[in-house]
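Before anything else, here's the structure in question.
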């Protein structure tokens, strides 16, 4: 492979990788705080994409404008799913830790419900949003860079930074971090842990609302697109370390470049084999991830 | 007293199941019932390890798919009868399960689950993208068809009507339940329950968790493989998406969990409840509402995890012998595997 | 044990030589040495956080020691997994008794007996003997989850006995028990010793350990501070200090 | 007699169906230090976890200045003024000392005078002021204990419960900590202290309770309990 193709692959990988990282932020946050792996993570992203698509198709809203609707909508969905579906589990096992497998099963149920509601509503057809930005590129050192992807990439960096800042400096952020570190001590300090969980879950989903809208200009939409994004997010989180925000972005970049370069050698579909292989290798060698705390 | 429910429910059900082909002549309906039995079989095979060890594998479809491919290839390439092919496929799946299990059983909870998905997906994607492997024609995503031999042939595992297929899967289901019952009474069964109950405690009593989990996994993979081979033979067709996709794994897991993990009858109960719902929804309004049955599956799963974490077999069991154990029943709901271990 | 061995000098069944364990910044156990003689009951004492359970876990193979070695009947336990150690003849109980849910009392004990036999019938018969020994015959077919806290403890002792150990490690056997229950447990532990099983017992309730032990050792801050007959050990100033603080000892000196 | 700061009547609690506490009665008069002592497993921590709302009691009643705190979720219990500094320190080790303390001030009342309380905690434990920017994990055991106590104080407790504050501390640190506790008492505060370090705590306490196997077996002033043979016997086995 020549150098030009390789650098093009790396740049593209970085761009899409940043977006993977952004998509994985919510999963990492939720797992870090609640010790719950949200199997429906990708489904929520898919839901956001359909929202953005619907607003474009029916009202002609530009996907970037639809963010104003998708982010709050996904926040509410997340808040509601945690409050209604997952919290009974925490209440049942009040003094104990929630058995992670039960939570996984619950969210797997949510995944089935969300994916198939969308399938029922929109059918299996592939949909896409045609806006000008899809075709715009800027040139850096002679290499074309797709503008929509660049925006997604930058958004991931900005969101990660903003989230870190917010977690570090706001009251709620402090409560979230305290709850993540020690749930019992947090409630003994007067933190309303249920509310922290609801907000955390809502927040994790709200981030997906953003990236759903940022993805639609260059990513076609089908009802079953969620699972692959979900699994990629797990991979990113495992690579970067659970609960680590910079780790999430870094893991995303790593995965993006890895996939992009690997797909230069094999077909794009079988490139996923390498991603899964990487996932297994990382989990077996370093279960806490490359940068993560145990 | 032991296995009261198995006998009380299982006995009449078996008689009913044996008699069904006598009065059900519609081949579509018979086929649908055979599919219920098939899913009951697959869920029971999954339950054999996951239900007893308490780990959630979503990669079992790989064992089904691999064994199906081995069976079909042995038949189409070498003319080996699918009956032998099935055993070979099962053995292959069991062999495959050992390194996979060795790697994954060290991981806990969601990590285990996600790794099993990763293993299965690697295999599926590889198959989808491989037309020819060392001269073996795999034909990628397109899949393989089993050429008809013309008419019924026992040796070729091909029959004109649905009745033989029906009885074969019924026999397999009875077989896997018997195997589960035997396992429960053996050292392996005791050890698996001990590992699930308290891993450290089990280790201190001389149980090497990896060794016994792997043993159970290999048996489970073998059984799952037989089911996968049957599935391929029933449709005379196999492809990576259908025969080893994650949906199949999810079905096995959901049916077992809704029915009751770690029990002999639970997976079958789950299949009896869920599959007909799915079929009916598909048959009546499914045309216009794609995916409705899966929404129902998802809701049932959520409700089961919240209200019947040990499966619907628990309230059933309580209903049946509640009177006999009034005092204990208060506690039974969340705490016990009601089917098992209630004296003899 | 043969008569010749009885006559000959006391045999060491367990020899702990300079084991240590560090967790992060905390030295939980530092170069601890002690031994157990065949057939005795040794009490392991110390205030909360003194390193008793850590030492205990290192012997049982649940933790690996940073230094030193542990010999059981002359064999090193280095690198052995908990299940190997169990097969060698060392059984243990845990501070928190968790029965195997969904199994009856008898079946819980059978898990232990399966170490010595693969046959279900034989395991069941052995387990029945143990259940009778514990005087829990009436509850043999009760679901272990439905037992009281104290019966769970007895059940755990039963599971351990079913592995036919020569050395039994017991962690906090009477914690949370009523005085009657504590008495019953003491009676049981003596019965176990009469079977010829050597016992190391970690305990907080002094009354119990004083009456039960042939010899006690005391840990404080991970170090051995006393070793001897119970009545003598509790009079040593170091021990009093460890338990009641400097000022108390000074005031009574 | 005034309304007790804390009044517990016939409290039954435990894990699952198992009763660990079997009918606990406990009264704390305002502005006193009350010691609760008992061997490991006697149920001391279970009592605190129940009062704090981490464990759901089976029956009984618990009142804080006449108001029931029974069956409230933990954050409501803290809001009402019963605050526990948990056993084993339980700090947020990934956060700075200052942040650990700030987390303590969650309820409106506490948040309104947070800076003031923080200043008071720093006065009580000057070393914490020096090290406030450092990560809590860098502290020694005694300093961590100070943070835990300080964090509880940040919530402006009316009744402060300390679960084994001396656990794992060197004797000199225990002395210092107990001096600080005596200082805290000078605030308008009632203290319930759980200890293994029996004699030292009884010297300091106004009143003491002895918990054995989930039942209160003895109570009296510190001096009375120190002189009691039963207590010595149960601790020394003599």
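To keep things simple, chains are lettered A, B, C and D as they appear, and every chain counts its residues starting from 1.
In this text, a residue touches a chain if its C-beta (ideal position, glycine included) is under 8 Å from a C-beta of that chain, and two chains touch if they have at least 3 such contacts.
Note that the structure is predicted; figures quoted are calculated from it, not measured.
Novice: Quick one: how many steps at least from chain A to chain C, stepping chain to touching chain?
Specialist: 2
Novice: Farthest from chain C by Cα centre, which chain is it? Let me know.
Specialist: When every chain centre is compared against chain C, the largest gap points to A.
Novice: Quick one: report the Å distance separating chain A from chain D, using the average Cα coordinate of each chain.
Specialist: 42
Novice: Measuring centre to centre with CA averages, how many angstrom lie between chain A and chain B?
Specialist: The computed centroid separation for chain A versus chain B comes out at 32 Å.
Novice: Rounded to a whole Å, what is the gap between the Cα centroids of chain B and chain D?
Specialist: Chain centres of chain B and chain D, defined by C-alpha means, are spaced 53 Å apart.
Novice: Could you please specify the touching residues of chain C with respect to chain D in the complex?
Specialist: Answer in residue numbers: 26, 47-49, 148-149, 172, 175-179, 204-211, 230, 234, 241, 243-248.
Novice: Which positions of chain B touch chain C when the two form their complex?
Specialist: 185-187, 190-191, 193-194, 196-198, 200-208, 262, 328, 331, 335-337, 340-344
Novice: Note which residues of chain B are touching chain A in the complex, please.
Specialist: 54-56, 103, 106-111, 113-115, 117-119, 121-122, 125-126, 128-129, 246, 250, 254, 257, 289-292, 294-295, 297-302, 305-306, 309, 334
Novice: With touch defined as at the start, can you tell me which chain A residues reach chain D in the complex?
Specialist: 94-95, 174-175, 177-178, 181-182, 184-194, 293
Novice: Considering only the defined contacts, which chain A positions touch chain B in the complex?
Specialist: Residues in contact with chain B: 37, 85, 88-89, 92, 99-102, 104-106, 108-113, 115-117, 119-120, 123-124, 223, 227, 231, 234, 238, 266-267, 269-270, 272-273, 276-277, 279-280, 283-284, 287.
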